[in-house]
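Presented below are the structures under discussion, each in the form of structure tokens.
Two complexes follow with subunit A in common, the first pairing it with subunit B and the second with subunit C.
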Partner chain A sequence: MHNVVIVGGGPAGLSAALSAAAAGAPVLLLDSNPRLGGQYWRQPDESFGDQGSQHFDLETGLLLINAVKARKEIEVWSGAQIWSATHKDGVNTLRVLVNGKEKIINTGNLILCTGAYDRTLPFPGWDIPGVMTPGGVQSLIKGHGVLAGKKVVVAGSGPFLLPVAAGVVKAGGSVVELLEANKSRRWITSLFVVLENLSKIKEGFYYIKTISEAKVRARFGYAVVAAHAGVNGELDSVDVAKINRNFKIKKVRNVKCDVAAIGWGFTPDTTLAGTLGCKQIVAKDGAVVVSADSNQQSSVAGVFVAGEITGIGGSELSMAEGVIAGLSAAKFVGCKVEVLKAHRARRAKKQRFATALINSYPIKDGWKSWVHQETIICRCEEVKLKDLHYAIDELGATDSRTAKLLTRCGMGMCQGRICGRSVVDLVADQLNVSPTDTDRISAVNRPIITPISLGQLAAGE
Partner chain B sequence: MRSPDAIVIGAGVVGACSALALTNAGLKVLVIDRGPVASGTTGAGEGNILVSDKEPSPELTLALRSRDAWFEVNADIDGGFELEDKGGVVVSRSEKGIADLKKLAALQRAAGIDAQEVNGAELQKLEPFISKNVEFGVLYPQDAQCQPMLAAAQIMRAVRKRGGAFVQGENVISIDSINGAVIGLTTDKSKYSSPIVINATGTWAGEIAKLAGSDLPIMPRRGFILVTAPAGKIINHKVYDADYVANVASGDADLQSSAVVEGTASGTILIGASRERVGFKNDLDVSILRQLARQAISLFPVLENIQLLRAYRGFRPYAPDHLPVIGEDANVKGLWHAAGHEGAGIGLAPATAELITAQITGRKTFMDPTPFSPARFVGANHVAS
Partner chain C sequence: MSPAEIKFYFDDQEVIGLTGQSVGAALLANGDRILRKTRFNEKARGVFCGIGVCFDCLVVIDGLANQRACITEIKAGMKVQTQAGADA
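Let's look at the complex of A and B:
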């Protein structure tokens, strides 16, 4: 029995499952969500159809999801949380919680499609209820459809702000500001890339149409740099700043709102891959990604990686990589199948678009000037910037790991998923050095991948 | 500082305490570490300051003094490392265990330790969430706790403020001597001269001794610690099973664990104390985590629904006779060792520093340091197993 085990049921994981199964390899697909689709095609709790208009490309998602469900060779475990994983002598051991019960999977053939989560930047007031990530707002809309009547500010940087703003409008909310930190002329620098990726451009126009029908105008070169709570402790207003190229504040005004959806692109979720010993590298934008060869194989033989964990590139690149990873894994377990030139060409095309996109939405260093001494950096442990500075200036911390251990910054419930990347930047900034790759990589790796209750841990074999 | 009066290698808690004691004695001190402060065993410790786990012995004398010395250090440098006078509770559930524990407590009392027998109802008052089937325990009010990384960092801060120097990121590559006496050391980046070098490198102390042409049988013993999500104040003391005491004294290479369960200032609960001799093996052994979780739940059933957030491992330095090594090297004059404290390094650090400092400066020591002397290994067959 040569099962290919796939982790993640988003665009990459679904594509990988289908291509591996089509090549003749039985597949076990583990997904942490209750329903397939990932963050990109997140399905609502009950019915799917009435939310269809939320999403430009839901047809593709439904197609893949239904195809996966239809294939007998693919077994799906939904709601499966991997809390620990180890690699030894070619065997990967995954310890998975499914409906509160632990199951152990040993496999030599694994495809990791663990995706990404919203990247956040700390700023004064970002811990006030009502300040959310675009992903958080989107899953509220997609999962529950609750935003009607609310005044929403959508801000940050990256193309993902558009579908979120469109989603808010469709859900009956009012987008009072749509703010992109980068200047509009940065957007898509290469005509060639635009022409070969027309579908993405169509997607963009679809959202822009929705937004402009609601008379929402996007502003470029603006950011939310502070949030203020009302008497009830919830979000009352945000400070909107005109910023320069380097994100330094030029002019500020106050805007009333109920919800602020603020996102700065995505951070790949490479913790599982790191635990298994897959080589991680630091991408140009400072994100930790998993290194992959032309067959999507990681540095660990038999462990393949696809989608956002190899570098943020969007759903279409994820699908292209997923197909190749599925074929490669099938071949690895002995199926007679080859990755075709056309597969690689498609991936290359999507990669060019992703690169152009990333270059269009850089996150500039100036954000650190929005943070004050009293600003909370780690929301779980309520560690302020001044605490980090004390650890560095007084206690002699010379790297982010030591600063973290001396302050508990990033050691709370989320284990640094939210603040870890920013802490590395802020510590390096105070030390007047550039963050090292070791700093960045050690900030995402940890032996316990998701929390597990002591009772569940004790009950395991 | 190229020519300090003394150089301390290692900025863990033992090195930091030694540097502070020497500085307070008037010496110009330089501390060198290959990494940041507390980046070795100190950074992987629970912060145990225990008298309860020791039988009457020279180590207990050291522990008793050290426990008080911690509070003096706290006053001296103005705190900042969560030192807490919380007390320990040792329990047993077997007939034989209870009898042994009573015997041990009586011996400890005779040696000057406050050890109070407590029955079921009193235990429930001390620890409202302890399992109902625990009916006997001994309360040790002198057991204490600190945050070890903060302790080392705060002490190093005081050392720097008092004129000491701290060089990070330099690896010692040779201990330089003439005619069997230390004249300084060389790192991968620089050269320093000093007639006194203190080896406070814990698990790695044997390597430093080798650089000086000497020999020290210090070996690593791996331990895991579990850290839960913040759970509020549900555990008041350091609570552990009497088996733990037996394990500490054991030379068996197999895994032994007896969970020490305690709350911390940040609300998390620490579950620790697995011990195994596997060299510097770095992989995650899930079966050890499960065993620790089972033992902790058996003491505190309420922990069943608390989330495990982190697990970390450290390598405790131990000598074949399970006693720390404190004193001048038997072969090289001016080379002093302060290492091999196994799981008790945090607790024993300040008294270790006092012993070293008194001997270096020619003052009277508070106890006879002979049992800890490195000379005890000369001629002994101590090949690491």
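Let's look at the complex of A and C:
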């Protein structure tokens, strides 16, 4: 019998497991990856040897991972895919595939640390093999020792582009362009936040040092606005545009590359929390996040949430939230433990830095002008912008949900994880209205956690 | 210690990957970037998100369609095929 079940083995989940176990609660930690660490501390098989050079701070990750492994109160299921989840009368039922076998978990006490994935924006040619997310390029390097291509363009917006460019350089690749769409570096102006978070500044300089040693220069106010395939159907070049403050194109030139890693910050993966009925809200940047109280409890009693699903904030904020979630969950199951003032103060400090960072990298409306009528919006169902416009202009769709039902946009295998957020923006744009919170939240509503085939289920028990 | 080599097949061609690598990673290392053709426009697709979110790197593995190459670990003798359409 496990008192606390935790989903996700990244910075938040590892921290939650340790604090819950230290408070006396037995823990079951479910992780979909083959190895603990999440996306941030992703590592290849141990036979690859020391991976420190691909990380700014793998030491912290290894400390947490080894501590989790050492505690006998914590049981870890790696490679565990949750495909369905329901909540009824205080009991959460998770259906999990572990090594091809289905297991069913019933628990009243859950901590969800399901993380985030790269936010992408559609543009002409973004479905060509070779166009990838920065997180994808990084996971290939960190988790598999594979460089996706030799000549890499890294573009989009946000601080994550730096470690990805640095990782490509360290793996022996060439970063032919490093493009940040935003010009301002407004976080410099919030000096107090910078000073109280010097470790994050150190991390930034570490990446900048690596990329400048390779003579890569970051360009601000530029974006990749189109990709082109060669005769073999693979990526051959991208159109790099100088853009204005609102992301409207000013001037374009063509750049040859094998890989374009393009990302616009992150989207929290709130699917599991949403399915269990946890209240979701829309953050200032338009991302849907799970609402959490000061003890990291969601709107569902006994279901706690920590890390990126409560708002994008990076590994340190995730760890701070994870500790509080672990303590709160332990208290919920009867352990004599309290969340301390110091825990809350640490979380508040990391939160201030995260907020300053998010405010510094806004995604401006002008990206919609890069999208043409023939541009694929939904990669799974191959729905084009003109199909969405037809649903609105000719079939009378008055919101993104109806446009989705009329076109199947966002109804494919990924269940709108990739296009959903953009579709809400594109539909509202065509209707000449602002997206509502209801539009945004309904776009992340997914009945299945992970689509699996009947064959996989039949192969189980 | 260095990772062991693992032999598997992609469209009947022998490919050597390393312990713990995903099908997608081992194929990229081998220079194979096109993993499927879409069912309506027959457009080439490959690894996009790399972490199991986007379902774009779908391949047929040992006869089972719609497997995510980016999160499926390679095994000796595994038969991986380019997926055409839904291929179910």
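We take it that the second predicted complex is superposed on the first by the 440 of 461 C-alpha atoms of A that agree within 3 Å, B and C clash if a C-alpha of one lies under 4 Å from a C-alpha of the other, contacts with A are read in each partner's own complex, and residues count from 1 in each chain.
In the analysis below, contacts are C-beta pairs under 8 Å (C-beta built on N, C-alpha and C of every residue); 3 or more make two chains touch, one makes a residue touch a chain.
For clarity, every value in this text was computed on a predicted model and none was experimentally measured.
Engineer: Which of the two partners, first being subunit B and second being subunit C, lies in contact with A:86: first, second, both, or neither?
Structural biologist: first
Engineer: One more residue to check, A:399. First (subunit B), second (subunit C), both or neither?
Structural biologist: In the superposition, A:399 touches subunit B alone.
Engineer: Figure out whether A:447 sits in contact with subunit B (first) or subunit C (second), or with both, or with neither.
Structural biologist: first
Engineer: Can A:359 be said to touch subunit B (first), subunit C (second), both, or neither?
Structural biologist: Neither partner.
Engineer: Look at A:369 in the shared chain and tell me whether it touches subunit B only, subunit C only, both, or neither; answer first, second, both or neither.
Structural biologist: Touch partners of A:369: none, neither subunit B nor subunit C.
Engineer: Going by the contact rule stated at the top, is it subunit B or subunit C that touches a larger number of residues on subunit A?
Structural biologist: C
Engineer: Tell me the contact category for A:412 with respect to subunit B and subunit C: first, second, both or neither.
Structural biologist: So A:412 meets both subunit B and subunit C here.
Engineer: Touch test for A:95: subunit B only (first), subunit C only (second), both, or neither?
Structural biologist: first
Engineer: So subunit A touches subunit B in one structure and subunit C in the other; where do those two contact lists coincide?
Structural biologist: In the superposed arrangement, which is not itself an observed complex, subunit A uses residues 412-413, 451, 453, 455 for both subunit B and subunit C.
Engineer: Using the touch definition up top, name the residues of subunit B that touch subunit A in the complex.
Structural biologist: Listed in rising order, the residues of subunit B that touch subunit A are 36-39, 43, 149-150, 153-154, 156-157, 160, 166, 168-169, 226, 228-230, 266, 271, 283-284, 286, 289-290, 293-294, 296-297, 303-312.
Engineer: Mind pulling up the subunit A residues that touch subunit B in the complex?
Structural biologist: That would be residues 84, 86, 88, 95, 381, 391, 394-399, 401-402, 405-406, 408, 411-413, 415, 446-448, 451-455, 457-458, 460 of subunit A.
Engineer: Which of the residues in subunit C come into contact with subunit A in the complex?
Structural biologist: Touching subunit A: residues 1-4, 18-22, 24-26, 28-29, 33-35, 38-41, 43-56, 58, 64-66, 70-71, 73, 88 of subunit C.
Engineer: Of all residues in subunit A, which touch subunit C in the complex?
Structural biologist: 32, 34, 39, 44-49, 117-118, 127-133, 135-140, 143-146, 148, 229, 232-234, 269, 379-380, 382, 412-414, 417-418, 450-451, 453, 455-456
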